[in-house]
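Each chain gets a letter, A, B, C and D, in the order it is written, and its residues are counted from 1.
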Amino acid sequence: MSEVNSFRDVAVVSVASYQTKTLSEVNEVQLMADLISKCRNSVGVTQEDIGFTCSGSSDFLAGQAFSFVHTLDSVGAFPPISESHVEMDGAFALYEAWVKLQIGEVDTALVYSYGKPSAGSVIDVLATQLDPYYVSPLWPDCFSLAALQARLLLDNDLITLEKMAEVSMRSQKNGFDNPNAVRSSEDVSFDDLMNEPVTVDPLRASDISEIADGGCAVILAAGDKARSLCERPAWIKGIDHRVDSHTLGVRDLTRSPSAFLAAEKAGVSDDRIDLAEIHGITSAQELILEKEFGLNEKTLVNLSGGSLASDTMMASGLIRISEVASRIISDEADRGLAHATSGPCLQQNLVCILEGE
Amino acid sequence: MTDPNSLPAALSEKVEIPESISGLEPVRSVRSPIRLVYDFVPSPPVQQYLRSYSKKKILGHRSPVDGAVFVPPRGVDPRHGVLIDESVELSDRGHVGNFCVTHLPIPGRDDLDIPYVSAWIHLDGANVGFLGLVAGCENDEVHIGMRVQAVWKEEDELGNTAENILYWKPTGEPSVPVEKAGNRAWEHTNE
Amino acid sequence: MSAELTAVLGVGQTKYSSTRGDVSIAGLCREAAYRALEDACLDWKEIDAVVIGKAPDFFEGVMMPELYLAEALGAVGKPILRVHTAGSVGGSTALVAASLIQSRVHEKVLTIGFEKQSESNATWALSLPQPFSVSINAGAGGYFSPIIRQYMSRSGAPDLIGCMVAFKDRQHALKNPYAHLHQNDLTFEEVVESPMLWNPIRYSETCPSSDGACAMVLGNEKSGDKADKPVAWIHGTAMRSESNNFPGRDEVNPLASRQCAADVFKQAGITNPLKEIDAVEIYVPFSWYEPMWLESLGFAEVDHGWRMVEDGTTSLEGGKLPVNCSGGVLSSNPIGASGMIRFAEAALQVRGMAGDHQVDGAKKSFGHAYGGGAQYFAMWIVGAEKP
Amino acid sequence: MSELEKPLKAELTVEYPFTRTTGEVIGAFMTGLREKRLFGIKRPDGSILVPPLEYDPVTSEPLTEMVEVAQSGVVETWTWVDPPRPQSPWDAPHALALIRLDGSDTSMLHAVIVGSPLEMKTGMRVTAQWKEDRVGHIADLEGFVQEIEKADS
């Protein structure tokens, strides 16, 4: 997006999310029905009040073609709804909904996404995402690719194992107060983390995100509608996403140009950032992202524990947005950055800047 | 309209194949098999539904909104997006809401004689249909509204699966009128 | 605040065929993309964003292929979105691309739908057996045949209407060099005598399985005004979805279809579709869906759509409302692209660029796609003039 | 928990024997693998991309000039895969690395076949090791081995 200020004011007015190691009491449809109901009820709207609905999920993750068709049940799509679906993280569904609201014909949107990686081997599933001729047939897993990236950073003295451990510690301690954090600890120590054995060289277990099942629902509203639904809406001041080349050997893996560009276009540098929720699958990726976003010690990063604490493929990005939004809605913060990523080694990135009034 | 046989200008430059391989039979395709294994764990209401089959019972789910009964249970009412937790036991009799005569083999179902009839079975007490095989009569006797009942496997072969019902056979009862068969029944009761 | 006027600046397609054995997935997509760019007289640098659509990733076994395709489609450093709304995806993808311009977020967007079905077997991909359940549903034909039976019974349509549609669309395909099926010697008798697959659906009344890609370049009002070639102006866009298998659902004429059509015609200021629309591209994977959708969309009265087939109204040869002049889905079906082909063909008609299958003087045309269990709908109306 | 109460569970296997047509450029690289040769493709700035793409990975412009590159190069970064992934070409633990071949300006992903991670080092020189039976597939290349070991053998 070019001139941020010329856009219609759109805000997150309601969020609901849930993550757990293994979803067993309910299936994805029931989970989403529950989250979507909570999300709508908390601002007193029904599906008939919603102008546009957009969701994100993956057939490959679910092991079923057209899996999102079943999940439409959770919305209650009768009478029929104006609706679309992206085979992407829910953060990109939110982007599509934001675009729809910009046209000005509808004032509210429901966004949701979910994933149940516990049903299969997510790291094998993710290998099918890679170049189908040269890379996918070698079945590299996403953490191995992220390890290649981490070693480049370490070899070039751009990060240290100590810095990585600090990121892991931050995640585990911050996650302690978050019921959705699967891996968290009140009293984990720096030494514990430094002494952890290497699992995917040079990464230790805590440097790698904890894979979790879950989902997230968000309601967006424009202008006065947002003000009428929510005392303190979390206004989207800027939102942008960009993609880098897929070919790892071509990229400078110590950087994420698309993350930098998305943040710049979303207006990250216009004002201070109180808090940030960033989406990486390793501690090293969080360090790359902090640098690309220009964050400093004044910004509280991943108060939820972040995706290291609970990583739900297809929902982690939308959950980052909901975490920032809920802290603005509850007046704990004024301005925050939320980030979503997709593809190997931070290939595709979305940045959303949210602000309270 | 552009000519599909001439490449777009940008793609018309020929690829220079290195001399060392230019005279050889080129590789044109690669094989890359994919095998992914998932744990299929039915949701709790479906678990209950499948278990009830071993007792030759069919469970439905009743919507808290208007009492509509869904089979198999979906855990939610798809019209309203609300959770359902009330189970109801349904009859193993119903009618054919609609059907298809298929002349193609189905992967993994070598046991089916071709052509076979699959039908949307609307159980007595349910408000939507579910798919079942209709047999025990000539294919051309099957019609919308035909009354059918389940033919179950032998007691000692029963498991926790919908496959306990071998097929649905005609009961010989008078047919349900077409305008009240299948989904149309609901519109009717709501009039 | 109103939507930015949006135009189709360029269209590109590949020759649809059962196997495009000479190209990679990227190569297939690039062929369509370059044709669209060349038609729009633009290059990659001038494109702001890319929107890709395709049906299930299982078809090619590449999960979220937009990631691998980013650099093949000029998207590096730009936004790229990936849409999936079942069979309607090609249409929905075009609508998402249009929304990026209508919202003034971007000025020029490349959108592409593709499928390379020859890499695997579509029937397998669509009928993965589910544990614990009875495996008797033989794909899409098995699903739609009862609905067609219901239409036949309630409309009283003669049995051979489906064959007439199939024959007409295959004749239309002969005039479209991009169509997959070019059955020069096909006779109506052969259509009728072709084997029954899912009674009442004959083999000849089903769509082929194709490799192919279709791309469009969409632009804002300024770029539409500046274009050297004629453009197609968007007059209306609409998407609707509804749940499946609930009590009282009208499966023959789903409410989502009716509401979607009502919305798009209202936006375009059209009150009499039959009179005001000159060419129609609707998603007809099984021949009987032509009369069924004509009724649902409001081109025909309920239960009378088949008469338009019978009396030749929907034929390019002198019909009042030529339907699927391109040969339709019945003649070319790269699933992820099939919906976009309908939208692109509608645009070609009002640009006067449809070649031998051009409807003379077409000013307004209608593009349509549907998917799932007839649950997902995407529609647009395009015109030669600005709305 | 009694047998009756255990949740019902089944394995769902999604399995496809994909056959991918390659187009000319990828096909030529695969043909090269079959013939124990490695090819790249020239970008407009003269740099060489290995493995070759039909298009420039940044500008998307078509690339057409294929060139042969060396079979030895440098490990730019690596990790250790243990246990090996079930469907990968490797049965034993191995390194996965980005390798920049001599004459190439980009690196390619493949395995380095060594006995333990202690033998791996960023910057080490490696050379291609070929399979006996080659069909024109990325796995015709068994992987890379330390260059010095090859010289010894």
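Note that in this section a residue touches a chain if its C-beta (ideal position, glycine included) is under 8 Å from a C-beta of that chain, and two chains touch if they have at least 3 such contacts.
Keep in mind that what you see is a predicted model, and the values were worked out from it rather than measured.
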Worksheet, complete the sentence: The larger set of C-beta contacts, choosing between A-B and B-C, lies at B-C
Response to the item:
Taking each chain's mean CA coordinate, subunit B and subunit C are separated, in whole Å, by 26
Worksheet item: Just how far, in Å, is the C-alpha centre of subunit B from the one of subunit A?
Response: 35
Response to the item:
Chain-centre distance (mean CA atoms) for subunit A and subunit C, in whole Å, is 33
Response to the item:
Where subunit D touches two or more other chains simultaneously, the residues are 7-8, 10-12, 14, 16-22, 24, 26, 30, 53-54, 57-58, 61, 87, 137-138
Worksheet item: Where in subunit B do residues touch two or more other chains at once?
Response: 10-11, 28-30, 32, 34, 36-42, 46, 50, 77-79, 160
Practice prompt. Mark out which residues of subunit A touch at least two other chains, giving numbers and ranges.
Written response: 24, 60, 63, 72-73, 76-78, 124-125, 128, 132-133, 136-137, 245-247
Worksheet item: What topology does the chain contact graph adopt: line, ring, star, complete, or other?
Response: complete
Practice prompt. Can you check the complex and tell me which residues of subunit C touch subunit A?
Written response: 1-3, 24-25, 56-58, 60-65, 67-71, 75-86, 92, 95-96, 99-100, 102-105, 125-126, 128, 238-244, 246, 249, 254-256, 259-260, 372-373, 375-376
Discussion item. Could you list, by residue number, the parts of subunit C that touch subunit B in their complex?
Written reply: 12-15, 21-22, 30-31, 34-35, 37-39, 61, 123-124, 127, 129-138, 141-142, 145-147, 149-150, 153, 177-178, 195-199, 243-251, 348, 353-356
Discussion item. Touching residues of subunit B toward subunit C in the complex: what are they?
Written reply: 1-5, 7-11, 28-29, 32, 34, 40, 42, 46, 50, 68, 70, 77-79, 98-104, 106-109, 112, 115-116, 118-120, 127-129, 131-133, 144, 160-163, 165, 178, 182-184, 186-187, 190
Worksheet item: Which residues of subunit B touch subunit A in the complex?
Response: 30, 32, 34, 36-44, 46, 74-83
Worksheet item: Residues of subunit D touching subunit B in their complex?
Response: 4, 7-22, 24-25, 27-28, 30-32, 34-35, 37, 39, 54, 61-62, 64-68, 87, 135-138
